[in-house]
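First up is the structure itself, then whatever we jot down about it.
Chain nomenclature is as follows: A, B, C and D, assigned in order of appearance, with residue numbering initiated at 1 for each chain independently.
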Amino acid sequence: MSQFQPKNPDFRRVATDTFERQCAMRTLGMSIARMEPGEVDLAMEYAAEFTQQNGFVHGGIVTAGLDGACGIAAFTLMPAGFDILTVEFKTNLLAPARGERFVFRGTVVKPGRTLTVCEGRAYAIHDGAETLIATMSATMMALPRREAASAPERAHAPA
Amino acid sequence: MSQFQPKNPDFRRVATDTFERQCAMRTLGMSIARMEPGEVDLAMEYAAEFTQQNGFVHGGIVTAGLDGACGIAAFTLMPAGFDILTVEFKTNLLAPARGERFVFRGTVVKPGRTLTVCEGRAYAIHDGAETLIATMSATMMALPRREAASAPERAHAPA
Amino acid sequence: MSQFQPKNPDFRRVATDTFERQCAMRTLGMSIARMEPGEVDLAMEYAAEFTQQNGFVHGGIVTAGLDGACGIAAFTLMPAGFDILTVEFKTNLLAPARGERFVFRGTVVKPGRTLTVCEGRAYAIHDGAETLIATMSATMMALPRREAASAPERAHAPA
Amino acid sequence: MSQFQPKNPDFRRVATDTFERQCAMRTLGMSIARMEPGEVDLAMEYAAEFTQQNGFVHGGIVTAGLDGACGIAAFTLMPAGFDILTVEFKTNLLAPARGERFVFRGTVVKPGRTLTVCEGRAYAIHDGAETLIATMSATMMALPRREAASAPERAHAPA
């Protein structure tokens, strides 16, 4: 159970909408597997077209999944009318992204009026075993939705 | 002109080969636009299928381009027979990835026998103007090629 | 209880020795409050000489505590004869370092022969309440002790 | 020459004041060696009490210097009445902090109304030679000074 209280009772619908308007997530085959206030799992099936030279999923794609999960996790705690932009993130790649399926978990560590700090964990599921393959530490920023749309010089981010 | 002396005189061919075996780079439409010892530019055309909800290229995709550029930049300074894995990177997103074309520049800051530290800069070209949209700070690791292929538990990375 | 098995049965003594040879830790008033395989708490009392302009402990000092804790945590899992160097870390400052006492917790996320990835959490204890004030994500590197001492060009780090 | 135009004509005096109110900087022996709009050098003499186990300056102390330099660099571009807080930073340690003197250079990469992104470089001067020993990538946040003082829950940072 989540420790966070959502400010927008309609957070599930709004967060899902935002996610679905991200073409990149669809192209990468990402879907929302779980959503609680401040915690979101995205899932992705293995796809050969997103691999690196050894046949594992590319670290940049793993990062896109983690960024997406952290962004939506932060979004679930926003008041209505706000968009979430990624300020920065760091990814540590711990093991090869080898598996049939991947889960990207984003969790809010510290929500804030302007900035929200999240952590992400990526898991590969291979032959039924789950392996931690990457971690993320990310800063997300809330922006009034009108501003996010009309002021492109700041609208630089995912969720 | 580069300040670095490549250890493998054949570095261009080997680095290009490695890049071309990365399906993810091809799927994202990335190509090598420039390669010097320790410095590489990747280029990517705008593609609607890799955008976020405001129609700009997704921050995760920008990161994949920067990671790819840093990885190949580090690779150009490796001796023959080594592969390069990404250990970690941090991305700061500075402005929306809005443009017709994008350049991802990876530069070696400090080469090393085992670890190589790189910096990346991503630029959007829009109506002829170039804007810095993201920075990366990355750590890459050299691994004997045999080990990178046969020991998947460490072969977790891009270039 | 820790999930990790130490390779050096004498890890407590060796890790404590290493910590005590770090003058910076002593000057900052840091001490080891708890040590398990792969997990270490450092403690520090408030000291006015390490504050920033608002009277809270400086973020750089908080980072030194987290780096120290992560370094020793990684060190506890090293075989005998190795030293631990910090490769890189990222700190997110979440709240002011306001309190009478501070705890810096370093935890190993992924141990490795060469690289070990750790996470850190810093807490301020103020009027009996504990607040999470900062997080760290760090990469540590094992180096044979002989090499760490004689090859200063790589001996760049704390634990 | 700097590419940035300061918004506060009195920026030198205000930035110097802010720096001097940071006890930690004084304790570490840091001083402002150079200040231009968006670019600041701090200098520090070697001090045995801030070393790690091999006799080099501790990575946490190097980070405190870089954080201080980046914070003041961001501060020089703030309007009057604002304080600067550190949101996050990442440090890569490249070489041991071995020398008689150290310079910490902070440079603004992207100024912003709320967030300013900076890069830092730390140099050791040893026997007359200068070596790059560390890099930083940092996010700073502007906060109205009244709020920074009275709302300690956000006043978590250095410059």
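By definition in this document, contacts are C-beta pairs under 8 Å (C-beta built on N, C-alpha and C of every residue); 3 or more make two chains touch, one makes a residue touch a chain.
This one's a predicted model, so the numbers in the text were calculated from it and none came from an experiment.
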Across the interface between the identical copies subunit B and subunit D, with over half of residue numbers shared counting as same and under half as different, the residues used are same
Two candidates, C-D and A-D; the one with more touching C-beta pairs is C-D
Chain centres from averaged Cα atoms put subunit A and subunit D apart, in whole Å, by 31
Subunit B to subunit D, mean C-alpha position gap in Å, rounds to 29
Separation of the C-alpha centres, subunit C versus subunit D, in whole Å, is 22
Shared-interface residues of subunit B (touching two or more other chains) are 87-88, 90, 92, 94-95, 139, 154
Given the complex, residues on subunit D that touch subunit B span 90, 92, 94-95, 109-110, 117, 119, 132, 135, 137, 139
Listed in rising order, the residues of subunit D that touch subunit C in the complex are 18, 21-27, 48-54, 56-61, 63-65, 67-68, 83, 85-98, 133, 148-149, 152-159
The subunit C residues in contact with subunit B across the complex are 87-88, 90, 112, 114-115, 117, 139, 141, 154
